[in-house]
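The structure follows.
Chain IDs A, B, C and D follow the sequence of writing; residue 1 opens each chain.
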């Protein structure tokens, strides 16, 4: 088809770039199938009325005023590849008009879950600690080096939050014959049962698990909900792995709980990123550190582009998007996430 | 029953101890169900003829001469809890007489497999390296820290050797949708197919895998079979994890392959244990070290005792042992393993 | 809470009844948690304006005019327990207002899939035919009775349609090591891949399968799409199992394909129900009959009530429904299904 | 290699034939790799001493006297393809000499398990009964035809016997989220736990299951152990599926239990085969009949040949057989099975 008949896409993927989220072949496919107008978020509203009127898809989440939205007469979908939802467009009007707002954050579930499992095995077996000791010539051999070693197979595992990431973790744990309890107040229990996990209260997850994965999204309501009282409820020696957002955890309380030897922990997210050079967490024993690296794999970004192409292809044929996750009227305003400032 | 009617067990578990391999409750069960005569390997032959004549089971692998074996008229099974097979008894005569020789090494499969997966995730995601960098204030955040990061999900994985340990690894990998190739010249291909892995030549495993687990037992025939030529056949950047015995690998060649940056590697076993304080492996970049700690978990040793009790219970009822692994006439002399000098 | 503060539910579940879809305990829970106003579809519009204004949920799919909808000022969700979508309400306005329309048809997936697998094993092994022969004293013993017997394990299986039912079938087939190809033009390929099935064209499904499950919903576009040409493309001796709607199949062509011996088949749905007493299908060899019994299990109906309660509970807390399936603007008008006249 | 250097195989597979158990390609491979001497069981002892002295493998289970065995100086393995063990050779001497006796019965596990699952789904959903009613114009539509229908998913399932067949059933049930209890007095509980089933007493299996699969081998000790008392312990309406040997069941008691409506049942084996033309079982309501057809699929017989070739190949290389099942000194005399008179 010639460009007159191709659906028009406005590409404004910042902080991503087209080259980050598309392989060369997929980018070619994007340009072959669509008329692509590239712009920057702060220049989005300045696109001519003719372009805005013909735009069917927006890749990105530029600020959109009521006035600009009124001009976007053909718009079917905002494909947000930043993946958090910033309050910079009139979502209610979008929903009224039946314009989908979808996010591509599911691409991070698999890489984050894999790192999470790696951190868990590291805490259970002291992998990093033992390698450092070995480098320094003070390793302990055989059983002498295993005084606190534990098996994940058959362990009691808790998961806080059962979105894409919780489900990816559950999948990776398939071979471990673990007993998995899940706390997720946003999901009906039967959805958990269907995924072969046991619905549980937060307290049950904390008190009955050898290992707790925290993968809950941060909302306007749950900031710092994992606090000193929570950590005190955990088993002595239990492990906590934080993979979602620093804001769901009271970090000073977490540091205390680890420093006192009550629990061990690992985290991929921190209250400030980068963390201060002299922050106590840097040397904290019983704590394993990852510098917000869990999801940011090239393969994850490239899968964003795949999802975008698949869903635009469905919408081209009059079908709803099925691959990306849809923003919901009920929850869009509750999801409170800082803009991404680093890929 | 009184001790006259209980089957007699000679306990000579060295280098293990009864307290290592039995929980207090299981040890009580042993003494309740059997008449237990405890001795040391070098005193075994000195037990009185009356005791030897009544012994039904031996827990351990003491040296047994032809002469002593002739006195062991009631013997049904040698339950070797060291798990390697030392050439210190007339196996052929044992087999002729229908006396089982069984080993409990399967208890190590699960803990070793878990450490192996942990090492693999560490190499794929740089967990240890990133934590060390973080401690030293030189961590890289987000995608900047992931330049060599890879996913295990969907990866091409090779396994060399498919005994208990290879199978345990395969089970842990269930949730990873990996393509798993296995080289095991001792197994017919259909056994591999039945376990959902693909039978392959050693060369195919080496050249087509992103990650190779080496879990082959050492025999009189395969010492050092993984040599410079093998490592050269691997993908640039591929990972090798050695979990079984150091003797199957040409270590100097492995060090060269890692030092040159061609592959990355991790090992739980070393040519000398403990390793010399100034050994190059201690500082080698791209190499992750574990001081023969993979299997020696308390829970693994305790499972030895469970296995011993389960199999003696079967034999008490006239059934063959089903839980421990039986030594085979064909292979007993090929398995060449040093005595265990450390639990 | 007293009834003044309980959310108001209008119950109009025809053709279901509250007693069909709720256990006594769940029905009690419904009445404890909500103010329930029961009515019949043709009396729905006659409810007083005060009731309509306060109604938060509707259980059922009564006809709703624009005028009545305007009165339903508090309405959040229509919970359609008939499960098909009849064109008797202004869906576009509902969607604009952010009122969810959800269906409970997923409850049928598991029972239908189980019957489907039972029919498949019956066709592959001649279970019904062999039992009839046995009753009549003309059974053939051992291998003589197995000339056309086949294994499902390792078979090439096709699934046409991959909604809840296709996924339930895929789950039941987990233990069969089958190669499963799926044709579903409404789904992006990656969703299929994620479910461990292979995306395929309809022709590939037909020509490369030993067994084809037809579980596609009928739409305004796909009536009779499985026709003589399709059946001719199947393997000689292949099996076709129809579980969704009779309208997707050209029945005279299917009868011809079975009668000629080209394929074997089973169906739970028929062009007329009940089928004429002298219909050729009643005696057709190579054809297995089920009188639209696949889904209508009491346990399935009771799960409808569970889903309704779970989703109303989520919406009570300001969350979106997660358990029932949502009608979509894009597809609601395409789904063309006759009213259910029998539970 | 020329025939002088090929290992000599004596082929005496009766009641099988080489063409039954080998595909043409595999049979060719047999003759290419081995010098094959074909004979009949009653002529086996008449083979010349030179042939007997060179025979490495016997395919079949001909009668072997002590005298003949003494001549079989090179014999390494008897590959019994009838699969039951007849007491027609001096097993003790074979075992003393380290000659393996192996059977190929495992090939039947998969086909028998599939039929078993098909019979179970048939009993749970009335598939055969409903088809017969449909043929006769008295079918009941929808829920009316489902008054006794049940789901297998989530059911409590019992398995009596956990050899190859019990394990194959367990595998097929993977996708059903069933609670599976197993009674097998020959296996230690941990083997069951490792297979994700729950070890249980026979009484627990009978009283707590919706469905019981009987797959226990018949031994000298367990004839008729499933008797009237056992059936009375089952749930009213529970289903029993007999797949192994008729002799483990008291058939008159089973008939009573089904006739009274207490349980429903299906069987592939019968006290007399063929069953008398006027036997009550032929018309018994609530009973589903299969004329010993569960295992006798061509593909199963062909897999026997594959197993034989794989294990001979291992033994050619000095390794023990791994694919066929080995006869055990302890149990060989307990396994009491009639000769197979029909493939």
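Going forward, contacts are C-beta pairs under 8 Å (C-beta built on N, C-alpha and C of every residue); 3 or more make two chains touch, one makes a residue touch a chain.
Not measured: the values here are computed from a predicted model.
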If we define chain centres by averaging CA atoms, which chain lands farthest from chain C? Would you check? B
What's the distance between the Cα centroids of chain B and chain D, rounded to whole Å? 34
With chain centres taken as the means of their Cα atoms, state the distance from chain A to chain D in Å. 51
Quick one: report the Å distance separating chain A from chain B, using the average Cα coordinate of each chain. 38
Note the residues in chain B that touch 2 or more other chains, in rising order. none
Chain-chain contacts as defined at top: A-B, A-C, B-D, C-D
For a test of understanding, state which residues of chain D touch chain C in their complex under the given definition. 110-111, 114-115, 117-119, 121-122, 124-125, 127-128, 130-132, 134-135, 137, 139-143, 145-146, 149-153, 171-176, 273-274, 277, 282-283, 288-293, 296-299, 301, 342-343
Touch list for chain D against partner chain B, complex: 95-98, 186-191, 306-307, 310-311, 313-314, 318-320, 322-323, 328-331
